[in-house]
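We call the chains A, B, C and D, going by the order they appear; numbering starts again at 1 in every chain.
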Amino acid sequence: MFKIAVIGGGSSYTPELMEGIIQRYQEVPVSELALVDVESGREKVEIIAALTRRMLKRNGLEQVKVSVHFTLDEAIKGARFVLTQLRVGQLAARAADERLGLQYGMLGQETTGVGGFAKALRTIPVLMEVARKVEALAPDAFIINFTNPAGIVTEAVSRYSKAKIIGLCNVPVTMHHMIADMLQAKREEVALRFAGLNHMVWVHQVTQQGRDVTAKTIELLCDGNALSMNNIKEIPWPPAFLRALGAIPCPYHRYFYQTRAMLEEEVEAAQSNGTRAEQVMKVEAELFALYADPHLDHKPEQLSFRGGAFYSEVAVELIQAIHNNSGKEMVVNCRNNGAIQGLPNDAVVETNCLIDAQGAHPLSFGPLPPAMNGLTQQIKDFERLTIEAAVHGDRASALLALVTNPLIGNLASAEALLQDVLRINQPWLPQFN
Amino acid sequence: MFKIAVIGGGSSYTPELMEGIIQRYQEVPVSELALVDVESGREKVEIIAALTRRMLKRNGLEQVKVSVHFTLDEAIKGARFVLTQLRVGQLAARAADERLGLQYGMLGQETTGVGGFAKALRTIPVLMEVARKVEALAPDAFIINFTNPAGIVTEAVSRYSKAKIIGLCNVPVTMHHMIADMLQAKREEVALRFAGLNHMVWVHQVTQQGRDVTAKTIELLCDGNALSMNNIKEIPWPPAFLRALGAIPCPYHRYFYQTRAMLEEEVEAAQSNGTRAEQVMKVEAELFALYADPHLDHKPEQLSFRGGAFYSEVAVELIQAIHNNSGKEMVVNCRNNGAIQGLPNDAVVETNCLIDAQGAHPLSFGPLPPAMNGLTQQIKDFERLTIEAAVHGDRASALLALVTNPLIGNLASAEALLQDVLRINQPWLPQFN
Amino acid sequence: MFKIAVIGGGSSYTPELMEGIIQRYQEVPVSELALVDVESGREKVEIIAALTRRMLKRNGLEQVKVSVHFTLDEAIKGARFVLTQLRVGQLAARAADERLGLQYGMLGQETTGVGGFAKALRTIPVLMEVARKVEALAPDAFIINFTNPAGIVTEAVSRYSKAKIIGLCNVPVTMHHMIADMLQAKREEVALRFAGLNHMVWVHQVTQQGRDVTAKTIELLCDGNALSMNNIKEIPWPPAFLRALGAIPCPYHRYFYQTRAMLEEEVEAAQSNGTRAEQVMKVEAELFALYADPHLDHKPEQLSFRGGAFYSEVAVELIQAIHNNSGKEMVVNCRNNGAIQGLPNDAVVETNCLIDAQGAHPLSFGPLPPAMNGLTQQIKDFERLTIEAAVHGDRASALLALVTNPLIGNLASAEALLQDVLRINQPWLPQFN
Amino acid sequence: MFKIAVIGGGSSYTPELMEGIIQRYQEVPVSELALVDVESGREKVEIIAALTRRMLKRNGLEQVKVSVHFTLDEAIKGARFVLTQLRVGQLAARAADERLGLQYGMLGQETTGVGGFAKALRTIPVLMEVARKVEALAPDAFIINFTNPAGIVTEAVSRYSKAKIIGLCNVPVTMHHMIADMLQAKREEVALRFAGLNHMVWVHQVTQQGRDVTAKTIELLCDGNALSMNNIKEIPWPPAFLRALGAIPCPYHRYFYQTRAMLEEEVEAAQSNGTRAEQVMKVEAELFALYADPHLDHKPEQLSFRGGAFYSEVAVELIQAIHNNSGKEMVVNCRNNGAIQGLPNDAVVETNCLIDAQGAHPLSFGPLPPAMNGLTQQIKDFERLTIEAAVHGDRASALLALVTNPLIGNLASAEALLQDVLRINQPWLPQFN
């Protein structure tokens, strides 16, 4: 029996997570769910808390306590797991990032490019505060971080605090489901070997019941299967590229390999339906209207359009594997420790790990092939410069981060862009003031 | 249903292995056991085959075919697993190694020092021949190597052939049982983190139900628990050393840290009861007398004095984990691939791995602490020079190997020692002729 | 007294080189200059040979033999230095590269992007042939390579032959002269610490009489000093970028950091004066008209517009340092050997080396800072994939090379571009036929 | 014109150093020599100061000021070079180390084994105090360290202070002279490529006028040339070992490869003439009697028996190369920075460096061959554990250091030995109190 604190408990994703916990309650016997949010999000988090209580009741789990908090201390104290799924500045800040990118003729994606950069600057100080509270009040707890840019945020905490942290993303699990479907196989029969960074991860091998079916999977992809996420446009990969690579890019690689097409799509969407954040705001408004219904006692269908498929699946799997010391293989974001050669030991990478009560232990992978190494190095350098900027409020690192990212990479406008980022996000960037 | 070839099937250990397979037959559904030995070992291997058939019958497994071979081809063809547990030159050669070491005032241990060196020179050519047959006749098979010096032999095959090979040793499993006993816990509740080389491996962490109990285990060891194998003298470790190290050496470390005491014990034993090989010869003679009894249909008690406790446990676990693609964590000898930083990628190391149908995937460990690194590097260098000598018949590498090993390390007598090794083992060293 | 072979002796640069040798004849006592060119370049190489003889005579060095060859063997046999400054397909092929790049909306620069890629594919087979002749006929000779893309070509020979090779570029020496001028100091008082790749090299430290003046130099650059070469547009670097970087980029970095502006300039030049190659063709025609004048017995002024300033300075310095075993510090392209951490040992890098009779010994540099590492890794990966493509005729590597280069990086058109490159250059790409 | 501070100015070596400075005064124009010693060494340092003034006067250099100090501040303030050649506890402490080693049946050598360990514990705190003074009072100064164990002491300062430090030893220069003599060549025609650790360094290549003569040199050594120092017994290396190694060990390697013979020689010497320290005490007494002679105005012949040949040669060469920013190649002890792969970047190594006003820049060497790597790693680990013990007063590191050193390596007596070291040296080990 253990306590879970959910930082950003008022998120529209929370019911997804709660459903996962309820379904696997035997394996993850939670005693308390402590939802934390900011005071300005009081209404939302209380809607979520009430819905959670109804969901628990429907499943005969009234004994699970649901508490609501607007400061960290009480929520974190004594927790076994601290889930971080917060959004500093909320969707309005994300929309501002997206619009700023487009204004400069750049991709305005949430987790990379200038959007990911701005979000990291806003988010890292808050996560560091959570980590310091965990160090003091729940030193054995694991922080399980979903907050994007998940790789950067996880690395900042991993390097600058003693709190234990593991980053989670739904890209690997989504690819797993999709590839199993392509192979017309059960998910548990199919295993994928991932190595890379968050939102820049490759599948290097696919096995089905232990046999290597990587080439077969690539041919299926060459045959028109697009392998995307519902928030990323399904531009197919050129077959010659996939065959030459001998591996499977993740959907987010499109931002780097097909930048122009992705930008055109973003521009068009922004003009017609609004940017992704603007669309999500509408979805969220609808979701909270549903959540507030006192008769609703289950996760509503509509949440599946939100984009976070399988989040609860991986979160509950991870909690279960740690709690039960199970030695399960999972794909998470953690300290590299030499697993991917050529990246620093203290870099956070996304790769297959064995999970037990001590945390995540990455399997040795070796070096990335040349066609993947350079881009990965460049993005990792961007991430590390961004972390330096975010943790120390260092403008030089911030400028170099922007220049290093290939989605920004326009030296001529980098300074102006940085000034705009710092000005627009000024309320959330105490480290630069 | 699959076929297992056992190279060195006439070994006195084979009944141990057979018992393991029989007990876990549901998980390892063997269709054929192909026992291979040299013509001069015909009597022994036929005794073993007959005993195996009786053991199978007793357990209602008459459908498992037991075949006997004196050449490799038929045995290896179509096998899924090729177990190598052979002894080139048999115990007489081992006894000669031991006597040679003592004659030079050196330890004459079978797996390190001059004994391990000589055994590697004799064994590697035969294992390379097995590997070439596997490449040609059973390219998907795994060689599971128990043959000592297991780390060196496994590395030679791993680097100089395309055959898949995993090395096994009963030291990690024996330490696991002993430490669990010390902690008065069930083995499955206790997990050990190993990293090092075969017969030079440390336990870096002990957990019990997921909690770190390394310091507690060290204190138990300081309190007189000796943690040894039944073929290594139980000299206790000085408490201050264990506490400073913060880790647990394996029993074989005594040869390096307590060389003088171990040598004195060897000298005394050689004078009274004979060297270890000479003692084992007597045990073996008794064992084969038992095995030949047509009424014996189970593994006799006396085998437990032979020294190979838990061999069958780890062998069957490994076969099971590969066959069932189970993702189980085990401690085996395999290609380092960056797991232990500072050792070459193609060095074979002994460490915790995730085992599935693709083989062994070591968990990233990071660098060894300074107090362990230097000795490990030195032994690995000895191993690599020995492999060069054994594969290419290169005398310069052979001499440097002897000089590099701290148990030999006597430059003055190294050349004479090398000449003696090459002379005594001349029948088994075609590569030097 | 030694022999120098000049492969591509009919180059318009040759008189520059000859002038250098004549001026420092005491230090580089040449007995023979063997000029080699293709049969179709017979007229040019004979013009150069005649001019060289007149230049030697004017300086009282008639004893130096000047020979002309149309096959490699006689020229290379017994040479101490083999200078490679050839241009496969001549300027017409370069012009085609430039036009092809522009047709795809990409930079068509000679040494990077698609132009550098195509030039590498054409050039590497010829250089490998030179290397094989050197291995056989002059195994102690040094190949001194000026042929662009110099880093890629040098690495191909370094990795795929046993011939000794050092690559030279005039970028470091030009930066040295310019920075000394900016500091109003003599060149010999100013020292620069370079580390990077050919045409992607940074100055990490500037010292003047031993004192660090890096920050002062950066401020001078921020104040409007443009630091360029006469074939690269002088776009100033943003001061905030230079200060954040704390280092000085080379002129070629503009292609990567200011891609759009450089492309616009190329497009405009191509429309008005022709591409760079087309302009150079005119310059060359004028130069050869001058060279052919039987009264000319010195290097004409007009050669300085050709772009190869200081080539002869570094070439003669290098020959002198090797010949005299002088231990001189120079910036050359050679095997990394760990000097720049994070790049492979067998990668060719451009950095400060100690030069003696054994060749070039790079000074240990350590890792590149994050803001430089990623881009460098990406370009090195591009280079290595290009080498695989060029040496083995491997289309998959060729496609991945194009996709990896950030100046190409357009996945959508990469295949079509590759097909165009292979088609246009078909006469010079036997490895792909 | 610059000031040199000499810490340990009362050393009997000082006249050697002074002679070197006087001979090369044009290149090293010293304005002041500030001799520092402890109060108890007042008599000696004043004898040295007076002798130095007479030597200067004889050479017409009365303008060079010679000052004597018993605290660091005034001596270090404004110095350009701080030479450290001190001996904490003086020869009596060294003699105690030697006797202690012999008492335990171990080598009692001054710079390695238990003697080197004890000397490092005594010396590092004093050197750290010097370094802190340099940081504060002469931040641009170079510390030039001769104090043994020079590699360990230099690394301690290099890692734990910001002061610039270069370690010097006379082993490389002595080997250079000896090998040139063997080759019957001038020293300046012969170049040696060193890589290793202080007192554990190999010559990997010998060139004569640029041509590789390594094999020839090895054959000369095989032919009876012993290559030793006048304080190390000349046991010849077995020819087969030298040929297999393909490199030349330094004289100190004998302690590791020929331990027994060296120990026997030490035991015998201790019984007949006294330990090395005891012999040196007599030599020193005689030397100071000579030095005190008011008519002596040059370095006396007898100093050459003291063992420090060529110290002044390398010291003055180094001062000259830094002062004149000369880019000279020298063999010194400095931060590895990747030069020897497999050793940490911050390890101090002994290898060929380019010396200029910025300090020592090691040439990239690559990995050590297997026959050298393991021993080097082990000694470096010993050194690093010793540094941890010395800097932090950490007993666990101290015990592990002793156990790690192959000359001690006797686990059974390690604790007692450590207690004896700490007890005997108690006055000089404030960090352990």
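Please note the rule applied: contacts are C-beta pairs under 8 Å (C-beta built on N, C-alpha and C of every residue); 3 or more make two chains touch, one makes a residue touch a chain.
Heads up on the chains, UniProt names are A, B, C, D = 6-phospho-beta-glucosidase.
In this text, all values refer to a predicted model and were calculated from it rather than measured experimentally.
Traced through touching neighbours, the fewest hops from chain B (6-phospho-beta-glucosidase) to chain C (6-phospho-beta-glucosidase) number 2. Chain centres here are means of the Cα atoms, and by that rule the chain farthest away from chain B (6-phospho-beta-glucosidase) is C.
We define each chain's centre as the mean of its Cα atoms; on that basis chain C (6-phospho-beta-glucosidase) and chain D (6-phospho-beta-glucosidase) are separated by 45 Å.
With centres defined as mean CA coordinates, chain D (6-phospho-beta-glucosidase) is found 55 Å away from chain A (6-phospho-beta-glucosidase). Multi-chain contact residues, meaning those touching two or more other chains, do not occur anywhere in chain C (6-phospho-beta-glucosidase).
Taken together, the touching pairs link the chains into one ring where each has two partners.
The full set of touching chain pairs reads A-B, A-C, B-D, C-D. Across the complex, chain B (6-phospho-beta-glucosidase) is touched by residues 191, 205, 207, 209-212, 325, 327-329, 336-339, 341, 345, 352, 354, 356-358, 361-366 of chain A (6-phospho-beta-glucosidase).
Residue ranges of chain D (6-phospho-beta-glucosidase) in contact with chain B (6-phospho-beta-glucosidase), taken from their complex: 237-238, 240-241, 243-245, 257-261, 342, 370-371, 373-375, 377-382, 384-385, 395-397, 399-400, 403-404, 406, 409-412, 414-415.
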